[in-house]
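Got some structures for you, see below.
Okay, so chain A shows up in both of these, paired with chain B first and chain C after.
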Partner chain A sequence: MKIKSIVAIALALMSFASVQPASAALKVVTTTADLGALAKEVGGDKVQVDSFAKGYQDPHFVEPKPSFILLANKADLLIVVGRELEIGWLPPLITSSRNSKIQTGAAGYLDASSNVKILEIPTGQITRAMGDVHPAGNPHYWLDPGNGRKIAAAIRDKFSELSPADKAYFAQRYSDFDKRLADAEKKWDATMAPYKGTKIVTYHRSWPNFVERFGLDVIGYVEPKPGIPPSPSHTLELIDEMKRQNVKVILVEPYFDLKTPQSIANQVGGKVLVLAPSVGGTKEATDYITLFDYDVNTLATALKATTGK
Partner chain B sequence: MDLTIFQLLAAPIVVSLIIAGIHAYLGLHVVERGVIFVDLSLAQIASLGAAIAVWQGADPHDPMVYWMSLGFTLIGALIFSLIKAHDARIPQEAFIGISYAVASAAVILTLSKATGESEHLRDMLVGNIVAVQWPEVWTTAAMYLGLGIFHYVFRRRFLEISMDSQAAAARGVPVRLWDFLFYASFGLVVTRSVAIAGVLLVFCYLIVPSVGAMLWASRIGPRLAIGWVMGGIVSMLGMYFSVNFDLPTGATIVCTFGLALIVMAALKPILFRHAVS
Partner chain C sequence: MRAFRFAGTTIVFVALTASSAPAYAQDAAAAQALRTEIDQLRKDFDTRLADLESRLAALTGTPPPGVVAEPVTPVQTPASPTPAASPAQVPGGAEGAALPVYGNAAASSKVFNPDTAVIGNFLGATGENKVNPQPALQLSESEVSLQAIVDPYARADFFLSFGEEGVAVEEGFITFPTLPGDLLMKVGKMRAAFGKVNTLHSHVLPWTDRPLVTDNLVGGDDGIDDAGISVSRLIPNPWFFLEGTGQVYRGDSDDVFHSTKRGNLSYVGHLRGYQDVSESTNLDLGVSYARGHNPSGLLSGGDAEARGRFITQLFGVDATVRWRPLRRAIYHSFLGRGEFIVSRRDQADGLQNSSGWYLSGDYQLGRRWFTGLRFDRSDLLTDADLHDSGRSLILTYWPSEFSQVRGQVRRTNYAEGPTANEFLFQFQFAIGAHGAHPF
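Let's turn to the complex of A and B:
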């Protein structure tokens, strides 16, 4: 009795579900929302873009859901951040997708990091004692608008290769994005200019490209080692160091616990800033340019209050 | 809904049925013995072995890690078979709880001292059933089949010591040895299942079918049959909900187990109206 009724309910539910309409657009799946935003800038309405990790999620850890496998199965192109950022969750997802187009190295697999500026590439032997270090360099490279431009160019080339008929369309969309980005960069540089050389602390090493671009100086991290939660002794050392160098601002990614950063800030009379490391990390950051608008303005406001410049 | 998703999920579906099969059986023993949380405890002891191997510099995917966790599981099995009725005033669950807490904390300490493998710790605790691949499914199937045959051959012994160990001891059965064999084989299964499906899900596969079956039947045979059917149906249904509402699969199956148990309890007075209680 029971089995039959459950099966009947299940079948009834299934029959309500709709079939997705087929579309001629290039189906693009990206691992992060930033790559998704850049793909939309270049692809316009000639591509259909879906992203796995939401902007407020830690891209190191993404819980695979059945819909991810389905998206990967249907995709013409998979764009990844690379540099081992997604190593914890993406490889089984690619295997499970059973989609030969998007396997590593295939035409439908684009590693966005291939021609961008990568920082913190470790030299010498890497051991696990160094923490969750990415041997191929820091994977948070999209937080430099210059890199964003290079990623967009790589996406344009890949789109043109997969969909040659729309080559001119992608080229035009890219140059439009390039122009808007260049205008925005002038504005961001002007906003950040007074704070060149200001010392800050960040939670995780997510911001090297961002701070390099805008001339800030990171003197320490809340994490003792990448991926390791704060320990008391490291926290005390950091507080001393911040007091000694008069550092007042701590940048935190939205997916980390604010307790330790907040208590450090209280000790040094400073401020905790939650910046968006990705598009969608805050509701204001709806695309690649508004992401920087938000981060630059939030940071500049805080630096103005703490430095008095 | 797009039905190709069920083809893509074939490996997770098959592995969930395999896990349901062996755990519904082992759950009978665990519930009979009244050691409900022993799987959490053994899984945590196994994680400690893995954590120590990682701390010693092994790569998380190194076979060394597996052997270490296996070694620790056997040590855990030895401990559990020795403490049984050591002092009748202290319930066995107390020792199990203590082992769980200490092993969990030791894992945190080991990993914090060693490395940045918080990722690995996460993997151990919340293995993701959606990410399972066919080779893992086959090795798991082969291993569980072997252990299943072992338990089938010695089924009377195992049931005897689980249901009334004092009577068995009185008949001259070496209870400690059989307890150890039980916990060791159980530990092997749990360690493997947890790595695939995560702690929460494995706990449910173990305990819920067995408890659900006890609501409806009292003899071992029917209880096992009900447990298997329930485990299978809940796996399928949970998988379906996970796809349909796009929810993380493991947690969805866990909640489906909870719902199924409520449904079974609610149906009990209707189905067994005429039964003598």
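Let's turn to the complex of A and C:
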């Protein structure tokens, strides 16, 4: 009898099953705001995009809130950064989503890192003595416009696969984005051209793709090792090194404490720059192109002041 | 690249075989010897290649194909390159060569190994406790976790707990996340969805111990942890996250539930509501119910008639408030939590209505420092007239997210013994795969 009542309760719960009319827009959920911005570029009004992490939040440490489960539950497509960036929070969300479409490996699961240029893939023995290393390479790869283009292409292909009727629409949106991005790249390259080879320091290893793209040279990090907070001895070494090499600019992500970077900057007579590592990281960075507009212009202004070029 | 090398080998093989054809009239035994030699070479090559690739995979943590070239090959076709190298490719004519090389260092099997991690939980205690003493020093638990995706329909999680008294499967279950109707089903041995603390493994608690109400009414460290089936469902509504969970267990959970026959199952139900108040603050509320047969009849002599007559019902309410400002999420956070539990335990001397609660607050002071307070009170399970109470002050230091050191000053007023003032400390350390953080 008890078994029967349990079955009855289970059936009652199931009868709540929401049979919602399929809406025309493809429901897309992305782990970060950058992927969300690229999905909007390609998808236009044929997609509805939500993102889990905010641009001013450390994407390594996002909480898998139940409100995210609701978003994942309804999604037709989940786009992830991959390379273990979301390893600490995404797996339980995918499991709890109860959504077969977006399970790892399903048609509605897109790993945006599949065909982009990945830097810092560790070779040789790796251990956690090196800090929080990502064995599959640096996951902050979206900070190279070339990779942004490749991600957008992957998104276009996936959208077209899931919504074949709108294939031409996505293709047109992509080529429009591609063109605007190419134009913007010329502008960014021109802005950054005088500063090729300029040495800088960053807080975390969030910028390898960005600095490679614009020809900057990172000589050190405020973190002694990835994910390890600054230590006094490392900070002193960094100050000495910055003085020796005459490095004046420290890039910091909006989610790190500014105390240590500021004191380093004071010691070396330099400047702390809070750049946006993601769309939404600052209010000016509203989409993928304005993200680079903001970062490139802010950086160029600071480099101009410190290098005099 | 591997396919490339394989093709290369094949070309060499074909070329050699072809060149040996005109020599048909010559000594056939020589050709055979050559073939055998080639097969041997191929086998050696395959073994060596597999060995090198497995070493590469071990170093990079990724399947061998895809890590070599910079524009990495799409992950969309997982594992498809690997079967190409299976021993079945070896020409059937070659004697013995068709046998797979068991136990070799084939990378293709290792990539499917589950994510493995070990978490050590080392506890120390000073001060005096006559009621519930714990050793001065102990490796209280070494938890081995093995987790992987089973197939396109399920994933599996195992948590093996090596304690001082032996090994137990703390949890081992399969999860089906792709069922229709927004259902999530788990089958196996699980910590039951009764309240919050019961669902949490010891190493994720913000304390070195468990609250008195857990120890007294809900089975202590082990808690309600049993073999069963769990079905949970999101209950759609326009306002907030609502999840209902129903679980059926065999009915054996430490001293909370005890089953003497197949029909003595235990049942657990949980309803969880969650709402974001702002992007940094959220509320998590739950009500729980559990029912099962208790061991009371057995304790009073175990007479056959008494068996299974005595029932325990547990009622629980839990509330959690979290605050974590997103821009400084790695530096500051607060978690306030309370649970209130009532145990209605039928036993030989009548019904015992025991209740208990705890209230705790944990504040993150900085990137590595956390402090917390906990207040506890609980009646005893078998005698509701007696109760214990306690309070604790906790300080935790995190060298990294993989290790922590914790100290806890605890004062407990026991109903059945002198007040205990203790200093408890804990070293916790995790190696292996990066597990997901609990929420």
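The rule we apply is simple: the second predicted complex is superposed on the first by the 287 of 309 C-alpha atoms of A that agree within 3 Å, B and C clash if a C-alpha of one lies under 4 Å from a C-alpha of the other, contacts with A are read in each partner's own complex, and residues count from 1 in each chain.
Just so it is clear, a contact is a pair of C-beta atoms (placed from the backbone, for glycine too) under 8 Å apart; a residue touches a chain by one contact, two chains touch by 3 or more.
Computed from a predicted model, the values in this text were never measured in an experiment.
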item	value
Partner chain(s) touched by A:305 [first = chain B, second = chain C, both, neither]	neither
Touched partner set for A:254, first chain B, second chain C, both or neither	second
A:61 touches, of chain B and chain C: first, second, both or neither?	both
Chain B versus chain C as contact partner of A:226, first or second or both or neither	first
Which superposed partner A:84 touches (first chain B, second chain C, both, neither)	second
Which of chain B and chain C A:182 touches, first, second, both or neither	neither
Which partner, chain B or chain C, touches more chain A residues	C
Doubly contacted chain A residues - partners chain C and chain B	2-3, 6, 10, 13-14, 17-18, 61, 63-67, 69-70, 73, 88-89, 92, 95-98, 128, 131-132, 227-229
Residues of chain B that touch chain A when the two form their complex	1-2, 4-5, 8-9, 11, 54, 57, 112, 114-119, 122-123, 128, 130-133, 229, 233, 236-237, 239-240, 242-244, 246-249, 263-264, 267, 271
Parts of chain A lying in touch with chain B, wherever the complex brings them together	1-3, 6, 10, 13-14, 17-20, 60-61, 63-67, 69-70, 73, 88-89, 92-93, 95-98, 127-133, 225-229, 231
Contacting residues of chain C [partner chain A, same complex]	59-62, 67, 70-72, 74-76, 78, 149, 152, 155, 175, 177-179, 181-184, 231, 233-236, 241, 243-244, 246, 248, 265, 267, 269, 272, 274-276, 279, 282, 284, 322, 324, 326-331, 367-368, 400-402, 431, 434-437, 439
Chain A to chain C touching residues, read off their complex	2-3, 6, 9-10, 13-14, 16-18, 54, 56-58, 61, 63-67, 69-70, 73, 82, 84, 87-92, 94-100, 103-106, 111, 113-118, 121-126, 128, 131-132, 135-136, 227-229, 254-257
